[in-house]
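One chain, chain A, links the two complexes that follow: it is found with chain B in the first and with chain C in the second.
For the complex of A and B:
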C-alpha cells in the first residue's frame, strides 16, 4: 500500500535503497568507462538533455542503471540550476571539423562526400569471438597504431574538413530561396525555448531548438509516419554531416574570439520539390515565384543521424500546406518532448483515487437518473 | 595550482534549487496571473529533479515564493503521507530550509495535488495547486493556439453545448473532478482535478490560490475574495459529490470528502481524504489540546456560503 499512515517517508527511502542494491554501486572509474566507450549513448542523453557535458551524461547513465529517460531528466534538472554566462558565436562550416558528410542528391558534391566513422556498411553480425576472449579491435590496414585516423590508413585524396554547404550550390541556381539579409547577429536576442514559453506558430529558433532536444524515438516515429506514406513520402537527403564544432566565445575583456572547446554536432538536411506530397496546393501569396525546392533541417549536439534525418523531414512537414494533423508544429513539438512525455506517462502510477471517486459519483448520478426516468 | 583546485565544488545548489533568474520569472508571472484572475500565463517552466507531471508546476511556484520562515504543508489526494507528497515535501525542505507541517492552520504555503483542505484557509495563506492540464477547453479544442483565441473572445459556447449534451444523454452532468469554473465573470478556468466537493472553496476565498502546470508551462491564479462559479444551467445545477451517510472510520467525521475503500466482503469503508484534518480529530478525541479551524462544510453538509450550492429538484428533466 503506497499511502501508508506515516509510512511514506520510510517506504520511498527503502524503495530507492532497493534499486541501488539491485543495480550495484559504481565509482568514478566506471563513469569514465561509460563516457569513453558509449559515445553514441552519451550523445543521445546530452542531446535530449540539452546539455553538452559527457562526464555528467555518463554519471547520469551510471546513476540510473541506463534508464534513458531518467538519465535525460537528471541532466535537464541539473541544467535548471546553471545560469547562462555567455552566448557562443553561431556555428558555421569554417569552424566545424567535419568528419562525415554524405549527400544522396548527387553522385559527388563540391567539397566531396566522405563516409567517415559509420557502421552503415558493416555486416550486423555479433562479434561473438569477443566473448571467447579475443580483442574487438579490427585489424588495421597498414599496421599503424595510435591515432584512429592513422590506424585507418590515409585516404587517396586530400581531405577538406571544412567543405561548403551544399545548399550554397542550390541557392546559386535558384533551387532554394535565398537566405534573408539578416542584421548583424546578436545571439542573446535569439528566442530561447528553455527561457521563454513556446507559442504557435513558433519562432523558427524555438522549433529547431525543440527538435534538437526532442526524444529520438518520438521524432523517429512521427518522421517515419511521414516517410512511409502520411506525408512527403520520399524527400531527398541533401546533406548529413557529423563533426566537431568549436564553441567560440568572445572574451569579456579583450573582445577577442576564442574557442572554449570542441563539441560533437550533427546536422541533417532534406529537400523536396515544392508542391509535392503534403505540400500540394500551397498558398503562394502572390509573391516572388516559389523556389523549386523546400528545405528541412535539424541539428543537434552529439552524433545522432536517425534524429536529424527524421527531424529534418518533420521540419519540412511543419511548413507544408496540408500536413497530416500528426505532423503539424504544435503536435510534433509537444509530443516529442522527451522529459514531458515520459514524465506524464509515468505520472499515471500516482494515486488518482480522489479523481476516480469523483467520476464514480457522476456515474452513480447518471444511473440514478436513468432509474428515475424508467420507473420499474 | 591545478584546475581542480580552482574549480568550485561540483556539489553545490542555489537556494530553492532554481537559479535566481528562473525564480524571478515565475514571481513576475504570478503577479500577472493575480492581476488577470483565471487567465493562463505561459512561463518557461524549468526542469526540476522530480519527474515532469509529478508536481513540477506547483513545485516551481512553491520554490519561487518560499522563504526560510515559511511553513509548508504538502498533500497528494488529501494525504500528507502519500509517497509523492512526502517526496515533494522533503525536497522543498532540503532546498529552502522551511519548516513543514501537516496542520493546515499552521502552514503559510500549502502545495496540493487535487484537494483543498476541509478546514477553511485564511488571509495570508497561499494554496498552490498542481495542475496536469491547465486548459479547460482541451476536451472541445485540443489545439492550444485555437483555445487561446477562444479565451480571448470568451467564446465558451462549445462548453455549454457539451454540458447540455451531458444532461440530454445521461440526465445529469458527467464531469467528475476538474469541473470547469468561470472566474471573476470572465475566464473559464480548470480548477485542477480537485473533486467538485472542493470547487466551491475557491469562491470568495480568503486565501490566494496559485495553480501551476509545469509540463504544460502555464500558471494562473484566483486572488482572495474573487467570484468562482462552476458552469451550470438555471434549472440544472452543479452538484458536489454525495457524502451523505458516510462516516470516517478513523475519526468519525461526517460530511467531509471521503475515500471509498472497497472491502473483501463486498462492503465499502470510508476514510476522510484530508489526513491532516483526521489527525487533528483523532488527537482531540484522545483529549489532546488541538486547534481545529472552521470547515467549509459543517457536519450537516451545509457549505459556508449560503445559497452557493443549490439542491437539485429530482424531476428536473
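For the complex of A and C:
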C-alpha cells in the first residue's frame, strides 16, 4: 500500500541546486558539443528513448549530468507530449546509405564486406598524448595517430551503398525458408507497444519493437547468458549493417514520396544450423527443417552493435520450445524495458515508511505471539 | 522542372540556415501567405524484418512540418528535428514552385544543394569503399 507523503520542498530545491553546482551548468554550446562528439552515446539514448532526435538526446544528457536512465526517461517523457503526425514508408536496404556491413558467417558476400567506421581492430590504448596537448587524429594502420583519411582518388572496387539484404541471397540458395506471402504493407496498422499492451506469445512486431527500444545493458546481460552456455543455441553473426536510412513521407496534397531526412539505423542477424541446440525450431514442428539455417534479428535506431547482436540471439532463443526461463519471451521483453525497469528500481528510494513499519509491526506481533506461546 | 519528391528531399537535407535565407528572399514575391499548419510531432519508423519479412516499428523520429497556401497553391514540408522555421521555409518554396513563382531561382538553389549533397555522398562512398575487407582463411 502506498501512502502520500508531504514536506521537504525547500530541501528538494536545494538538492537540485547542489546537483547543478557539483556537476556544472550547461548551455546550448555544450549541448551542441555533446551532439557532435558523442554520437554513440546519443544513439544509445535515442534507441532506448525510442525517439530519433539527436539534439534533444544531447540536451537530455547535459541536463542529467550523463545519467543514461534519466536521459532516456526525459526523452520518453518529451515524446509523450508530441502528436503522431505520420507513418513513414518502411526503412529498407534500397533507401539506406550503408556505411558498414560485415558477416562472420560468410567471407564472400554479394556486394562485399566493408568495415566502415569502426574501432573494432584498433589498439585499445588511451591516447594520453591528447592530454598533453596533441590533437586527436584518425589512427593509422600501425595504431599510431597519423594522417587524416585520404578522400581523394579512387577506391580499388566500386562501392554500392545500397547492397541487398544478405538473407535474400540465402533464400536463393535454400539456406533460409522462403518468406511467406505477406499482405501489402500498411505502416499505420503495425502492432505498436506504445499503444497496445503486450500479450504473450507476442506478435513479432511487438517483440522486435520492444527489442529496438530495450535497455542495452539488459539485452546484453541476457544475451551474454545465452552465449556463455545458458542458452540453447550457438549462433553466428550473419550480418551487421550500419547506415543512414531515408525517412520517406508522402506529400499530403500531391502524394509524392520524399525524404524528410536521414536517420542512423543498425540491424543485426544471427543464424544457427536448423535443428541445432537441444530442441528443434518450433516452426519445423519437429519435422525435417525447411531450410538449413534458423535466423534471429534485431534492429534499432542509432548505431548500437552490441544491442542488435545480443538482441538477435535473444530473438532466436525466444523461438526455442524449451528455452531457459531467462530467455523466454515474457522474461526478456518485460525485464529489458529501460524506463520501467529503472523507474521501478529507483522508486525504492522513495519513502516507504508506512509499508515498512507495517511489516515491522507484523513481525513484532509474530514475535510476541511466539513468546506468549512458549512454555515459561 | 524538378520533381517535387526530389526537391523536397534535397531541401530537407540542406543546411537549415541556407534554406531559411533563400526562402526569406522569396517572401517579397509571395503574397497572401496562409499558414495552415506549422508544428512539431512524431513520425513512426516502420522497418522490415529481413528474416521473416514482417514490419515493426524501429522507433519514432521528431519532425517539424509546415503546410501553407499561396494564391491557391499549397506547399508542404517535413524535416527531421524541431526547426519550425526550416519546415516553413521549405513549405514556402514548395508552394512558390507549385505556383510557378521564381522557378528558375528555386531550381538553381536546389541544384546547388543537390551538388553539395552528391559530393558529400561521393566522398563518404569513397571512404567506405576503402574499408572493404577481403577475409582469408588458413
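We adopt the following convention: the second predicted complex is superposed on the first by the 333 of 376 C-alpha atoms of A that agree within 3 Å, B and C clash if a C-alpha of one lies under 4 Å from a C-alpha of the other, contacts with A are read in each partner's own complex, and residues count from 1 in each chain.
What we mean here is this: contacts are C-beta pairs under 8 Å (C-beta built on N, C-alpha and C of every residue); 3 or more make two chains touch, one makes a residue touch a chain.
Treat the numbers as computed from the prediction; the structure is a model and nothing was measured.
K.L.:
Go through the superposed model and pick first if A:82 touches only chain B, second if only chain C, both, or neither.
P.N.:
both
K.L.:
With both complexes superposed on chain A, which partner does A:19 reach: first (chain B), second (chain C), both or neither?
P.N.:
In the superposed model, A:19 contacts neither chain B nor chain C.
K.L.:
Does chain C touch more residues of chain A than chain B does, or is it the other way round?
P.N.:
Touching more of chain A: C.
K.L.:
Going by the contact rule set out at the top, does A:258 touch chain B (first), chain C (second), both, or neither?
P.N.:
Only chain C is touched by A:258; chain B is not.
K.L.:
Classify the contacts of A:361 with the two partner chains as first (chain B alone), second (chain C alone), both, or neither.
P.N.:
first
K.L.:
Please work out whether A:40 is in contact with chain B alone, chain C alone, both, or neither, and reply first, second, both or neither.
P.N.:
Neither partner.
K.L.:
Both chain B and chain C contact which residues of chain A?
P.N.:
79, 82-84, 194
K.L.:
Taking the complex as given, what residues does chain C use to touch chain A?
P.N.:
3-6, 8-9, 12-13, 39-63, 65, 67, 74, 76, 78-82, 121, 123-137
K.L.:
Which residues, counting only chain A, touch chain C once they are in their complex?
P.N.:
Within the complex, chain A touches chain C at residues 46-47, 50-53, 55-56, 79, 82-92, 97-100, 102, 107, 112-116, 149-151, 153-159, 161, 165-167, 176, 179-180, 182, 185, 187-188, 190-192, 194, 204-209, 212-213, 245-247, 249, 251-254, 256-263, 265, 267, 269, 295-297, 299-301.
K.L.:
Per the contact definition, I'd like the list of chain A residues that touch chain B in the complex.
P.N.:
Residue positions touching the partner: 2-9, 11-12, 73-74, 76-77, 79-84, 194-201, 330, 339-340, 342-347, 350-366, 368-370, 372-373.
K.L.:
What residues on chain B touch chain A, complex-wise?
P.N.:
Residue list for chain B touching chain A: 13-14, 17-22, 25, 42-54, 56, 76-79, 81-87, 90, 113-115, 132, 143-145, 170-178, 193-197, 215, 217-218, 239, 241-242, 257, 259-260, 273, 275, 314-315, 317.
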